[in-house]
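Every chain is named by a letter (A, B, C and D) in the order it is written, and numbering of its residues begins at 1.
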Amino acid sequence: MSVNTFGRVLRFTTWGESHGPALGAVLDGCPPGIALTEEMIQPFMDARAPGQSKFTTQRREPDAVRILSGVFEGKTTGTPVSLMIENVDQRSKDYSEVAKAYRPGHADYAYDAKYGFRDYRGGGRSSARETAARVAAGAVARLILRQVKITAYVSQIGKDEIDRSAVDFDQIGRNPFFCPDAAAAKRWENLVDEARLAGSSLGAVVECVAENVPAGWGAPVYGKLDADLAGAMMGINAVKGVEIGAGFGAAMLSGEENADPMRAGEGGPQFEANNAGGIAGGISTGQPVVVRVAFKPTSSILTAVDTIGRDGENTQIRTKGRHDPCVGIRGTPVVEAMMALVLADHMMLHRAQCG
Amino acid sequence: MSVNTFGRVLRFTTWGESHGPALGAVLDGCPPGIALTEEMIQPFMDARAPGQSKFTTQRREPDAVRILSGVFEGKTTGTPVSLMIENVDQRSKDYSEVAKAYRPGHADYAYDAKYGFRDYRGGGRSSARETAARVAAGAVARLILRQVKITAYVSQIGKDEIDRSAVDFDQIGRNPFFCPDAAAAKRWENLVDEARLAGSSLGAVVECVAENVPAGWGAPVYGKLDADLAGAMMGINAVKGVEIGAGFGAAMLSGEENADPMRAGEGGPQFEANNAGGIAGGISTGQPVVVRVAFKPTSSILTAVDTIGRDGENTQIRTKGRHDPCVGIRGTPVVEAMMALVLADHMMLHRAQCG
Amino acid sequence: MSVNTFGRVLRFTTWGESHGPALGAVLDGCPPGIALTEEMIQPFMDARAPGQSKFTTQRREPDAVRILSGVFEGKTTGTPVSLMIENVDQRSKDYSEVAKAYRPGHADYAYDAKYGFRDYRGGGRSSARETAARVAAGAVARLILRQVKITAYVSQIGKDEIDRSAVDFDQIGRNPFFCPDAAAAKRWENLVDEARLAGSSLGAVVECVAENVPAGWGAPVYGKLDADLAGAMMGINAVKGVEIGAGFGAAMLSGEENADPMRAGEGGPQFEANNAGGIAGGISTGQPVVVRVAFKPTSSILTAVDTIGRDGENTQIRTKGRHDPCVGIRGTPVVEAMMALVLADHMMLHRAQCG
Amino acid sequence: MSVNTFGRVLRFTTWGESHGPALGAVLDGCPPGIALTEEMIQPFMDARAPGQSKFTTQRREPDAVRILSGVFEGKTTGTPVSLMIENVDQRSKDYSEVAKAYRPGHADYAYDAKYGFRDYRGGGRSSARETAARVAAGAVARLILRQVKITAYVSQIGKDEIDRSAVDFDQIGRNPFFCPDAAAAKRWENLVDEARLAGSSLGAVVECVAENVPAGWGAPVYGKLDADLAGAMMGINAVKGVEIGAGFGAAMLSGEENADPMRAGEGGPQFEANNAGGIAGGISTGQPVVVRVAFKPTSSILTAVDTIGRDGENTQIRTKGRHDPCVGIRGTPVVEAMMALVLADHMMLHRAQCG
């Protein structure tokens, strides 16, 4: 099974390194006849793109997507959609330090242990730059899922959480943090800027809600919708935790508190709570699908950290150059993309079996 | 892709319902020449088996595993290992209530929404009884992984956590809770018994540590070891959250706090912390692999809960009969099994690519 | 990818050895709500079963199928259908010769080279007995494909071909050879009996026609309907060649001769020839799907053949015991089963992508 | 499962249409540390490239491969190798006729039946141009397989076969037909030229031999080496038949004639015949792996053929423009590529399971 491929029926394969000529995704299994242009993908790329505010890395990549195949006369043909993004800002930089020593928290040591050597320029294949390809593929998945509305937002930076009573989805696009709480966004300006100026970094939690998912998507046991979402989210760079619905909080509830009672309603049951996060037994219930994702602080910091060199000797390393003080922010469009890709895949898988 | 199959190179497929004649797993891709008998699997079955104490369901299933294929003269042949467990305690019971109304928190409504009808006897395919097949397959995976030591334990029941300074792995087998902290185990006796007597239920957190995993297992991007573990764990019945290493806690750390510095050591680097949980960039680092899994309280409670019937009408349902007051307890051997299956799969996948 | 699993969306996994306690298939992805009983599968088992005439092996296996899961109240539930067939006629036999020396043409040497040892009793996993599990799974696939009519027959035994002008499908069930030409069936009685009495064996060609396959099943490039059929058929024991439509004959035609001209017709085009065998570009055209499969003579013959022993020494071996003088005959229901499984899989895959 | 992806452990995905901007392959699972440059791939591209003699299509494509990822400092890194080939000779042409009517024997009608419409320019995704991507991927696979020698050649054009006693592999590169028999190559000049001048076309048979494949590659039942080869070869454009070893000829042999006796030899058994084509029970025996592939005559001919239009009306179509009079010729490097890809995949799969 291809380790650079994701999905069951709607499948995409990504390729490319941070500092190679380009990176891309090949999306296979896309239904035919869907209107698709580069312009329909670009806004999602722009949301993820670096350099949009002082709170994200200053690397400047236009992240312009080219569609190389699978579209004819503006519509998908049902054959593979090849999406390519050229790497533009490959600033010629001195990588000799990273080549020689392992940055703690990065994949440097693990890649060397696995493959014997690595492309050390900008993290190579382990760079979060790979997620640009996911966002491009996810933009197509959204077109397949037309009725589903997917919204991700940052709910916490460091220890500072949003006020859930103040959540307003209209706020998400109005601040550089994908924050649905205007007051929190205001506070985060200082918080993130301080980390940035100190050469430090912050973790974050991103939540994602998918509305209008019909009941019945998902599958038993090893094709559970929540299991596939968990794998999808944990596979995003810097993610260390995933929750569905009440998540770890559910471990502290009693059965009575955790119940999601149902009442008769039009067009299906009305649920009086959503601790399940819209999924029971691995299958959607018709409630909003709710996922929460923990991003660690980026490991690239200006403080020197103890490490070892390629020859095993003790040394220290500081990460110079342009970095995100809080990778969770730019992770938000990636979480949305993975949600879209998992849901579109399960929509089609459900159709295969149940017609 | 088969939704009842798990794995990449070492793959297993499970089948069977709670109240059918039997259930089983077919494990494919197992290396040849591994000594394997039914007796080597049975202790893991017994650890998961119901009816072992008053703190778990009183359903009595011997869960005796039969090996039907893939073993010759006591050794695996490299062909599929078929493992079958007969269902013995299919108490003839009145399921008419469950047939007519959906139990909130259970898969009843979702299965009906997907398939149009369901085998409602004991939860059918969505029953946690399916996990017996995983434990059987996991027991074989452990034999493939001989050098790796996998230990899972309950670290929290309800809101009551273990004292991490008191953790002693030798305690795990000495109490009915897989608890490594003797004092906590003592407290939990009352806690769980109260829930049991009240017909209520409790959530739990299970932690799992895999020691002696060499650096280099795992793969980039969509075959990440942590992503596969997250999918594996979230696919266990009643699980709502998964963390690797510092998990959601990492979201609250600074980059400096979250760093896992390295120092030169014999046989590879010595890490001064393990916030990463033994995985960086999706690939093992040689540190212990640490996973934490949140189990919700079982939805089967004696209190009547609002729900709807198959015809959409309002009604209420109480779950009668024998149930686990805290499913996380018996989930512990299942977490170990999934850890073993993911690791053995990645060991073999690594060997395929890197020799 | 599981090497004992077949299919893309409708997937089945088989397990079991010739002389183990049982063998079986787990069919996953089956649509829900299909009426299914053991009685509906059994006739296909009987067609493949040994011991039905003197022209096939005298091993006597009732090949009674048990459905262990996935069916409730007589209908498929959408969860895995586990089918088990017990091995009854495990005549206690002296396998010491086969254990020590490799039977040429059998898998003995290759299995030892791969796995280091093998289950030598009756061929173990490489026994054609495995095909019983395929026939059981195929019987379910036929129920999914209700409108499609699948017919396989023997068109040639040794060098003796049927007369195509005399083909009458009604004859197929009236002779022990699945022969659609009554005169050929008559001739084959002598032909096969002579081989049987001489302890020799004969090859055969089996043809299979699937009628009422709608245009549009199949997929480009690596999911071609003909490629999947070729893989499916070549994977049947003793098969050495597969043709679609005009097959190798097409290599001798000119472009003009090979054309399948179309004329306007009701319900789609009328084709004036079917050299394509119902598939163009890997996708069905609405014409009958036509496959031809070459079976080698069974390698089990009474004549001593030069071989080597497990320790590499020169020796000879004769295959004693009960064997098919012409394995192609009993291969006929297996070819039908594989046709049904490939078509049902592609029907569902098409539905996934194209709705 | 991705229908534009091939392989089990070493997997490649191709994308691109005949007249789009480019086409390509993403090869995943490639072992790290293999020396790889564009120059090492190009000779295989050139062998397949059109316009090399008057016996193949006059379309002129340089088929220059670019490596976009997965290689660092001249060696594979173990991450996806993205290979891209730009389409250069997209002669602006009038496709209005092909857009309106279905070319018999082409995929036109089937694609429309499946997807509702199609990219009709030059055959779109169903064009044999896709095979350029396979050849590029196959060139990498050969580097993985270093000890294996793969040789394909044309053994028959139309009804004219080579003389097997005159086969000399050194001749293959000395004529425009990949023909190992100098006299046959001479005859074919007239044969193919006549077809070309008449606007007709010819079928062909391509044989492929892989030497030095060790015993033990392959797998039981649904991962058989011969089954995977059959699927791989039948999936090449215009292929209608596949044989392993004696193939359809084996159907006419007796068990005695078909036996491949073994004698003790150095480094494994010496076989006295190779009717099995190097594979028994789906697993390699150490003998040369021998596959034979039948190509139909290309359906693009100058003679008008009856067909129907998109609206179902009767019409006729002639294929104008540049075409191969015998597609089997340029299919030869594609057969080699698919052989290499299947073998490298099974080498790695074997290593996964058996170490």
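What we mean here is this: a contact is a pair of C-beta atoms (placed from the backbone, for glycine too) under 8 Å apart; a residue touches a chain by one contact, two chains touch by 3 or more.
These numbers come from a predicted model, not from an experiment.
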TODO: Would you kindly count the fewest steps from chain A to chain C, each step being a jump to a chain that touches the current one?
DONE: 1
Task: Per Cα centroids, the chain farthest from chain C - done: A
TODO: Let me have the rounded angstrom distance from the C-alpha centre of chain A over to the C-alpha centre of chain D, please.
DONE: 39
- [ ] Could you give the separation in Å between the centres of chain B and chain D, each centre being the mean of its C-alpha atoms?
- [x] 46
Open item on the list: Averaging over Cα atoms per chain, report the distance between chain A and chain B in Å.
Closed with: 26
Task: chain B, residues touching no fewer than two other chains - done: 1-5, 8-9, 14, 29, 32, 78-79, 114-116, 125, 220, 349, 354
Open item on the list: Help me check something: in the complex, which residues belonging to chain C touch chain D?
Closed with: 1-6, 8-9, 14, 102, 104-111, 113-116, 125-126, 130, 156, 158-159, 195, 200-205, 214-224, 226-235, 237, 240-248, 250-264, 268-269, 272, 275-277, 279-286, 294-301, 303, 305-308, 312-314, 328, 349-350, 354
Task: chain C-touching residues of chain B, taken from the complex the two chains share - done: 1-5, 7-9, 11, 13-17, 20-24, 26, 28-29, 32-33, 66, 68-70, 72, 75, 77-82, 114-119, 124-125
Open item on the list: Touching residues of chain D toward chain B in the complex: what are they?
Closed with: 1, 9, 29-32, 78-79, 220, 348-349, 351-355
